[in-house]
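Multiple structures follow.
Okay, so chain A shows up in both of these, paired with chain B first and chain C after.
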Partner chain A sequence: MEQAVEGEYRAFMTGNEAVAWAALAAGAHYMFGYPITPQNEIMHLWRRLGSQYERGFLQTEDELAAGFATIGAVVSGKVAFSATAGPGSVLFQEPLSMAEMMRLPVVVVVQQRGGPSTATVIYSQQELTLTCFGGNGEGLRLVYSTASHQELYDYTIKAFHNAWRYRFPTFVLGDGYQAKMREALVLYDPGERGIGPVPAKPIFHSQRRGAEKPLLHLRNSFSVEEELGEVLERHLDDYARAVPALVEHEFFGEPDGALLVVAHGVVGRAARQAVQELRREGRRVNYFRPITLRPFPEQALREALQLSGGSVLVAESAEGQLGNLVRLAASAEGLPDFRSYYRPGVGITAEEIKEAVLNERAVDAALLE
Partner chain B sequence: MRSWKIIVSGEGGQGVQALAETLGRAAFQSGLNALYIPNFGIEQRGGVSLAFVQLSSGPIGAPKFRRADLVVALSPRSLRRSEQYFAPGTVLLYDSSLIEAPEISDQVVGQQSYETIAPESFAERTGYRERQDEAEIGSRRVIAIPASDLARQRLHPRVFNMIILGAVVSITGAVTLEQVKAALEEKLSHRFAHDPRLREHNHAALELGAAAVQVPLQI
Partner chain C sequence: MSELSMPRCWNKDSKPHRFCPGCGHGLVLKALGLAVDELGLEERLVFACDIGCSLLAWDFFTFPCMQTHHGRTIPVAVGLKRASPDLVAVAYMGDGGGYSIGLQHLFSAALRSDPITAILVNNTVYAMTGGQMAPTTLPGQKTETTPFGREESDTGLPFKGPETLAAVVQPEAYLARGTVARVPLLKKMIKKALERQLQGSFAFVEALSTCPTNWRTSAADTWSFLEQRMSRYYRPGEIATAGREES
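Then we have the complex of A and B:
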């Protein structure tokens, strides 16, 4: 298989293009997908470049088939992925639940659009809960929420590696803005940065006569509840053990903080900009962005809250999907002084976050003390 | 360099997105940070087309913004749509041949434009009659260039957006005309190879637009 990215170079491209290049650079073999805005250009570019670099593509009849085809490729040891959005993500939950049950390293890129249902083709952050907990299970998944094209590239590569290393379905959660906007990033050959090939090998072996491989029984259904209970317990233990190595976040601030602004994904950019400006104006505001939404960086969030006077403001383009995760993580040390700026289905600018912070008059007074 | 937040708005088919992307690409190639995002929806034609462009020597935050440093409006409807981005100090650049048309009647310009530049815009005739007075626009720094007329009379209607882009280069000083030409080359080299006159027209349009902004600006 030909290496798609050699050396490293800056490029000005869309987020969808960055994802396709990252999958090529990571050495993914196959993409299976069904068109939906705003992820289509991932498929388009993969299809166009894939044949050039000996990679496979199949447009299936719907998202369920795309998910199950990805599972099929993965069990045969191929690095495979798909991309979807909105109502497509909903359909994906069926094969993804199976991947979760069977611990299959399926990678899916989700470019969130407005919901529920068809809603808008444009943008939202309303697929957080669906992506983290969409199956009929415990949400044993890895979910990376990116905030720049560089992160889309870096975390798409990382998603393949960690999916195969930890054997949990893994997601890169972007959105319509990230999908369609153009900005600079550095494309690189992961190998030249010491990132080896994705540790993929066949999960189902063909049993050769005389070979001493243990028989593998990947199960998706169980006869008695205790049997399932044991398996789930094992999976939950594996997940809990992996958490410390998996959680990632971004924080900046000072120990004198009077308020912590929390946002994820592209809204994190607005929050970071707002907090930087507020800090320059002498206001004691800190900033926290979870990069992994599942597992959630709970410990890091609690530490950030301690540096911020126990006050938090969550900004998101959804009605509390991130807010609930923040509340849950923070509640271990008493309920925080909680505020929110929720704009479901609508983009959030730095100006708005700044106003949301300053409109809290009581907070504002404390921020300037 | 100071940073720039720019709204480019016009009718679908006027080349708004191509203009915005070319500007972003030129800034990227010159080593600046650039972010360009189209306001996209399900409509392919006939709506107002809006683009957000940010140019900065520092990091760029959210892809969209509320207050623009420069609003470029290329049709009456798109000017109304862009009003929400005005703040004190926002510079407005607009196409006077499409928005104000002081010398010819509305209908005549409408007809001419219908045949050439923006067919979709004049499907909605009513918008055309609601011309806006400069004083109503929330900006005291208003720059008008008759880009549509210039394109039609001196070059080719298709390069209308490059006249506007030339003016944006003069106003912002963020990139040079040469950098814009290089960005065009990267994007359109195959088409330029097919028809070298296309390159000439684009370059001439950029220079025409840059020269059309005559008043030296203190921004």
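Then we have the complex of A and C:
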């Protein structure tokens, strides 16, 4: 398989193109896709470049087939992925639930769109809960929420590696805005940055932890509840042990903070700018952005809250999907002084976050002086 | 190898198998096992099975076997074969999985002529879930969801899979209907279906089979249902594919 990205160079492209280049650079072998806006250009570019770099593509009959065909490819030991959005994500939950329980390293890029609806495909963060917990199971998944094209590139590569290393379905969660906007980033050969090839090998014949013999028969069927319970317990244990190595976040602020602004993904960009401006204006505001939504960086969030007087404002283009994760994480040390700026399915600017922070209904502005 | 003995590629640790007494699955899987033995394909074979009774075959063979979800066995086999063309992919399913919930996958794989071998067991009912109507339930046949007999005016006519696919597959594809009443012939069909995959084409075998548990039939009635009623509606044999259209 020919190396698609050699050395490193700056590029100016859309987020969807950045994802396709990242999958090529990571050495993904096959993409199974079904058209849905706003992720289409990932498969467009993959299809064109794929023939040049000996990678496969199939446009399947629906998202169910895309998900299950990705599973088939992965079982045979090949690095494979798909991309989807909105109603497509809903259909993807069936194959992903199976992948979750059978520990299959399927990678899916989700470019969120507003809704549930048709046509609104630009600005939304309403697929957080679906992506993290959409299956009929425990949400044993890795979910990276990106805030720039560089992150789309970096975390798409990382998604393949961690999916195969930890054997949990892994997601890159973007949105229509990131998908379609053009931005500068650096493309690089992961090998030159010390990132080896994705550790992919056939699932059959592999040796599982605690198993007596190599795996030949792959099932997700159990005769009694206790048998299922034991398997789940093992998966939950594996997940819990992986959490410290997986969680990622971005924080800036000072120990004198009086309020922590929390946002993820593209809204995180607006939050970062808002907090930077507020700091310059002498306001004691800190900033926290979870990069992994699942597992959630709970410990880091609690530490950030301690530096911020226990007050938090969550901004998101959804009605509390991130807010609930923040509340849950924070509640281990007592309920925080919680405020929210929810705009489900609507974009959020830095100015709006500043206004929300300074709004007397949101927080006593005097405290921030 | 004698057709009276157990196929070499059967996993003896999982025998006796889990199917009900009188069920035809064991015979279909015997035909498959013998075909794989004769072609010497066990090193390359991957077997994927659907949900429902076919799931009980998840550890049936000594080659890799995996279960999937209801109706989704074909896309798993398609993905596996596309990503790893050296493997031989067998998708094994029932009539509910193949002709109802997964029909678009069967149809689409046939349209694309994906080089996989699909084997579908037609016993006219959803058996694992307790005997509901399947697309293949015969007119007048009683099931839990057609307790007064299947009515054409309400639920249509039984689905003829190979005949339907014949209209859309490429001429090189293989389509056949066998029966557990004639295992040697069924084995020959499955063997051809595996060979056709090796030649790069889609191959599909429907196997008429028995379900005395849900049919609530005696041994004699089971056999006559299979040989008389089913075989009359579903004619066993190879099904000719339509020729390539001029374009």
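Here is the rule we go by: the second predicted complex is superposed on the first by the 348 of 369 C-alpha atoms of A that agree within 3 Å, B and C clash if a C-alpha of one lies under 4 Å from a C-alpha of the other, contacts with A are read in each partner's own complex, and residues count from 1 in each chain.
As a convention for this text, a contact is a pair of C-beta atoms (placed from the backbone, for glycine too) under 8 Å apart; a residue touches a chain by one contact, two chains touch by 3 or more.
Small disclaimer: the values here were computed from a predicted structure and weren't measured.
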Looking at the superposed three-chain arrangement on chain A, would you call chain B and chain C a clash or a fit?
fit
Regarding the shared-chain residue A:103, is it in contact with chain B (first), chain C (second), both, or neither?
neither
Which chain, chain B or chain C, is in touch with more residues of chain A?
C
Considering only the touch criterion stated at the top, classify A:65 as touching first (chain B), second (chain C), both, or neither.
second
Vertex chain A angle, Cα centres of chain C and chain B, expressed to the nearest 10 degrees:
110
In the overlay, answer first, second, both or neither for which of chain B and chain C A:327 touches.
neither
Quick check on the superposed pair: does A:351 touch chain B, chain C, both, or neither? Answer first, second, both or neither.
first
State whether A:205 touches chain B only (first), chain C only (second), both chains, or neither.
second
Regarding the shared-chain residue A:47, is it in contact with chain B (first), chain C (second), both, or neither?
neither
Considering only C-alpha atoms, give the closest distance between chain B and chain C in the superposition, rounded to the nearest Å.
28
What residues on chain A does chain C touch that chain B touches too?
none
Touching chain B in the complex: which residues of chain A?
10, 12, 37-38, 120-122, 176-177, 180-184, 266-267, 269-270, 272-274, 347-352
Which stretch or stretches of chain C touch chain A in the complex?
11, 46, 48, 55, 58-59, 62-69, 72, 75-84, 87, 89, 104-105, 107-108
Of all residues in chain B, those that touch chain A in their complex:
21, 24-25, 28-29, 33-38, 40-42, 60-67
Spell out the residues on chain A that touch chain C in their complex, using ranges where they run on.
29-30, 32, 56, 58, 60-62, 64-78, 80, 94-95, 98, 204-205, 216-221
